[in-house]
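Two complexes follow with chain A in common, the first pairing it with chain B and the second with chain C.
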Partner chain A sequence: MTRSDRLSLAHLWVAIAAFGVASAMALMQALSRASLDLPWRSAKMYYLSVTAHGVLMALVFTTFFIMAFGYVVVSRTLDQEPTGLKLAWAGFWIALVGTLMAAVTVLSGRATVLYTFYPPLQAHPAFYIGLTLVIVGSWCWSVVMLLSYRTWRGTRPDRPAPLPMHGMIATVIVWLIATIGVAAEVLFQLIPWSLGWSKTVDPVLARMLFWYFGHPLVYFWLLPAYVLWYTVLPKVVGGKLFSDPLARLVFVMFILFSTPVGFHHQFMDPGVSAGWKLLHTFLTFAILFPSFITAFTVTASMEVGGRAKGATGLLDWIGKLPWRDPLFSSVALSMILFAVGGIGGAINASFGMNAVVHNTAFIQGHFHLTVGSAVALTFMGAAYWLLPRLSGRELELPLLARVQPYLWFVGMVLFSFSNHLTGLMGMPRRIYDASYGGSTVAAAWRGLTGLSAIGGVFLFASAAFFMLVMLGTGLAGKRITPQRVEWAEPLQPAAPGRGWFDRYWVWTAVAVVLVLIAYAYPLWMHLQMTRYGSPGFKPY
Partner chain B sequence: MNVDLYEKIWMWASGLLIIAFLTTIVVGVAGSSLQPPSHVETIDPTKVWNDPRFAKRGVTVDDHGATVVLIAMMFAFQPAELHVPANRPVTFRLTSADVIHGFEIVGTNGNTMVVPGYVSQFTTTFRTPGEYLIVCNEYCGLSHHLMSAKLFVDAEGARP
Partner chain C sequence: MLVAPPKTEVAPPVVKQSQHPKGTLFLIGLYGVVFAAAWFAVYFFVYLRRGGVTP
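What follows is the complex of A and B.
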């Protein structure tokens, strides 16, 4: 095993462990909604499990998986070890210690503030410090990724980065810009306040800084999934990437538009004027465009694969696709769910219309199709593909791996669609009990909350299958000579030289200008106001 | 850059769809002043009960419509029962005495965050008389799911 693969595997196992714990927390929530009389069912346990699920899935599972995948991309496309292996390992340990600090704090009931940790809800300082360490670890990873690219370029000054690396460089740039916001919130507001060094915080300022980070965070999750869709999926289906330059354009557009959109999470907030919210709305819609291109390019690449296997009719290429391969089925099913989730996102972002869905169950229905399917299901599929190639062990329990993506799909359809509907009927998200003292309006939600719970059970079964396959492979998989990690060739040969889309400094500069336009003035205006801070509360 | 003809058509169609989406928003803003609650006004969150703006809570009806003044707190709305007239603009003014809360009138587009240190304000008109459920839709602590209130929209002339 190479030193780089050992590094990737360490990250991958932390991601898998976080996923396992977070899935158990999810089952607890889904069953609470069904109002079953279960042992340990209590409001305290419910809100604690919402917090643990959000933190471990959204922040830990994703980040560690992406770091693992980033190192795979470096070693397998640049054909070199990551530059700065010591820094990479330091980042791993820092992020792991941070994860353990945050997880222990949450699971011991000292940080039931949800993964968005809006003040003036106040957590134990170890929660904020732990999350900071996770971010610091990810910064070490970011530096190693960029240094590795620089090393590679040193000997090939005229060549564009291989497409997977291009996508990961975009991911790193988005991440470095985005994390400035949450770092400012946690370091200047929340840590001093939770330690008692400062008495109060401004909750709207905290929300502005959080959502400056919180929306590009979703592209930090999504871009590595897109890298897999563009550069691994066509290879798995025996096809070719339909368009290399458009894929490069897509990643560049995410560098530009990922961050200056955060106010669309604050449409219903007081203290932020409507004009700035409208500007962020326009920029939000701009970011639909690269995903539309992705839908075409990736589907066309699959069609190329189906036709290479002899399909000639209009749609029979779909039947030629490897539906029994868990990586393929994971990605294909996640794309179907993401198409619905993306349109739901456009609804959420529609300015005044957001009032109908804001903080209702519609939102959790929405993001379980995006991060919970497009990202998580793709990452699970990728784990089936990666683990044998990194560890040199054959995938154990392949039947479970084959069934698992379909179970996830069915579970997510039930869970997500019922939540979209109850959301439109006005049911709030994140409530332990939905009866509201026998309210007749609330009674109308009941059948659908039961359906959502059934979906949750399917999802938990799927997650359990995934964990069994991973643990079985890691502990008992037969030793084999690992297959190579292979990437898709473009249909038409890629340009030999670097083009406009490969000029990262230029696009980063434009992105920073857009961020300044969208955020500098409203933040400055905000700081000029007479504001009153809030003391902390721990109602949990 | 060489782009396939079908993909070109798809990209143009996607662009037009995005423009159509944005047009509906612009029409809503320009035509019906449809916008999210975005009032900018601050208040000392530790003194809301004595602040003259929130000392007298409840509904005030005048010739133009009604104003509702309300404080959200863990885990109740104060007052917890409101009567407003139908078919007349009702302006809600809210603030929080502790953490962030949500204020959602189920089955309507009445929805706002209630953030300590800030005054939320929005105006809406209820067309259908009847009883409405108000819920807190932002997690605020262990009894978050119990935080609710009632809104009665009274038909014209029916108000006690």
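What follows is the complex of A and C.
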């Protein structure tokens, strides 16, 4: 095993462990919302588990998986070890210590602030410091990724960046721009406030800074999934990538448009004028386009693969695809769920219409189709593909691996669609007891919350299958010669020289200008207003 | 003496480069219709029916 693979594996195992704990928390929530009389059920336990699920799934599982995959991309596309291995390991340990600090604080009931940690809900300082360390660890990863690319570029000045690396560099740029917001919020507001150095906090400013980070965070999760869709999936289906330039264009568009969109999470907030919210609405619709292009290009790549196997009709190529391969089925099913999530996203992002779905169960229905499906299901599928290649062990329990993506799909359809509907019927999100003391309005949600709970059971079973396969492979998998990590070739050869898509400094500069246009004036205006701070609240 | 029959080479799958992805265009077009229909359905039957309030 190479030093780079050992580094990737360490990150992958932390991601898998976080996923396992987070999944257990999710089952408890789904059953609680259906008002099932569980012996340990309480509001305190419910909100603790919502926080743990969100933090471990959305912040820890994703970040560690992405870091693992980033190092795989460096070693397998640039044909070199990551530049700065010591820094990479330092980043791993810093992020791991931070994860443990945050997780222990949450699980011991001292940070029940949900994964968005909106003030004036207040957590123990160890929670904020722990999350800061996770971010610092990810910055170390970002620096290693950029240094590795620079090392490669130094010896190959006239070649285009390999497409997987192009996607990961875009991920790093989006992440570095986005995390400025959360770093400012945590370092200048939340840590001093939680330590008692300041008595009050400005919740509106904190929310502006959080959502400056919070929406591009979605693209930090999504871009590595897109890298897998573009550069691994066509190979798995026996085809070729339909268009290399379209794929490169998509990643550049994400660099440009990922960040200046955060106000669409704050349409109901005071402190931001309607004009600025409308600007962010338009920019949010702009960010839909790269995903539309992705849907076309990746599906076309699958069609190329299906036709290479003899399909001739309009849609019979779908039947030629390798539906028993867990990587393929994970990605294909996650794309179907993501397509539905895109519709909900357009409704969320519409300035007026947002009023009917804001803070309702519609939102959790939506993001479980995006991060909970497009991202998490893709990452699970990728883990089946990666773990044997990194560890040199054969995938154990292949039947469970084959069934697991379909279980996830069924569970997510039941869970997410019922939450969309109850949201449109007015059911709030993040509520411990959906019966509202027996109100007649809440009674109408009852059947759907039961359906959502059944979906939760399917999802938990799927997650358990995934964990069994991972642990079985890691602990007892038969030793094999690892297969090579292979990337898809484009249908038409990529342009030979270093093109405009590789001019990352240019795209970063344009992205920063867009961020300044979208955020500088509203932030400055907010800081000019009379601001009212709030003391901290710890309901549990 | 038995002579093994000559092995027939399995041809690699041929990836045709000239065809338009008609199936994909159909699916994406269908998705576009569903996307627009769902958005307008929520707009007319939920949002406007509740008074079309804008924050």
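Definition applied: the second predicted complex is superposed on the first by the 540 of 540 C-alpha atoms of A that agree within 3 Å, B and C clash if a C-alpha of one lies under 4 Å from a C-alpha of the other, contacts with A are read in each partner's own complex, and residues count from 1 in each chain.
What we mean here is this: a residue touches a chain if its C-beta (ideal position, glycine included) is under 8 Å from a C-beta of that chain, and two chains touch if they have at least 3 such contacts.
It should be emphasised that the depicted structure is a prediction, and the values quoted were computed from it without experimental measurement.
In the superposition on chain A, A:352 makes contact with both chain B and chain C.
Look at A:342: by the touch rule set out above, it reaches chain C but stays clear of chain B. Once the two complexes are laid over each other on the shared chain, residue contacts for A:304 go to chain C alone; chain B is not touched.
After overlaying the two complexes on the shared chain, residue contacts for A:318 are found with chain C alone; chain B is out of touch. By the touch criterion stated above, A:267 is placed in contact with chain B and with chain C alike.
Once the two complexes are overlaid on the shared chain, A:151 sits clear of chain B and of chain C alike. Contacts of A:198 after superposition: neither chain B nor chain C is touched.
The partner of chain A that touches more of its residues, comparing chain B with chain C, is B.
When both complexes are aligned on chain A by C-alpha atoms, chain A residues 242, 267-268, 274, 277, 292, 296, 300, 346, 350-356, 492 touch chain B in the first and chain C in the second.
Residues 43-44, 47, 50, 112, 114, 118, 120-121, 202-204, 207, 242-243, 245-246, 249, 266-274, 277-278, 281-282, 285-286, 288-289, 292-293, 296-297, 300, 346, 350-356, 358-360, 425-434, 436-437, 439, 441-442, 492, 529-535, 537, 539-540 of chain A are the ones that touch chain B when the two sit in their complex. Residue ranges of chain B in contact with chain A, taken from their complex: 1-4, 6-7, 10-11, 14-15, 17-18, 21-22, 24-25, 28-29, 34-46, 74, 98-100, 102, 104, 106-107, 109-121, 132-133, 135-146, 148. Looking at the complex, you find that chain A touches chain C at residues 238-240, 242, 267-268, 274, 277, 292, 295-296, 299-300, 302-304, 306-309, 313-315, 317-318, 339, 342-343, 346-347, 350-356, 424, 491-492. By the touch rule above, chain C contacts chain A in their complex via residues 13-17, 19, 21-24, 26-28, 31, 34-35, 38-39, 42-43, 46-47, 50, 52-55.
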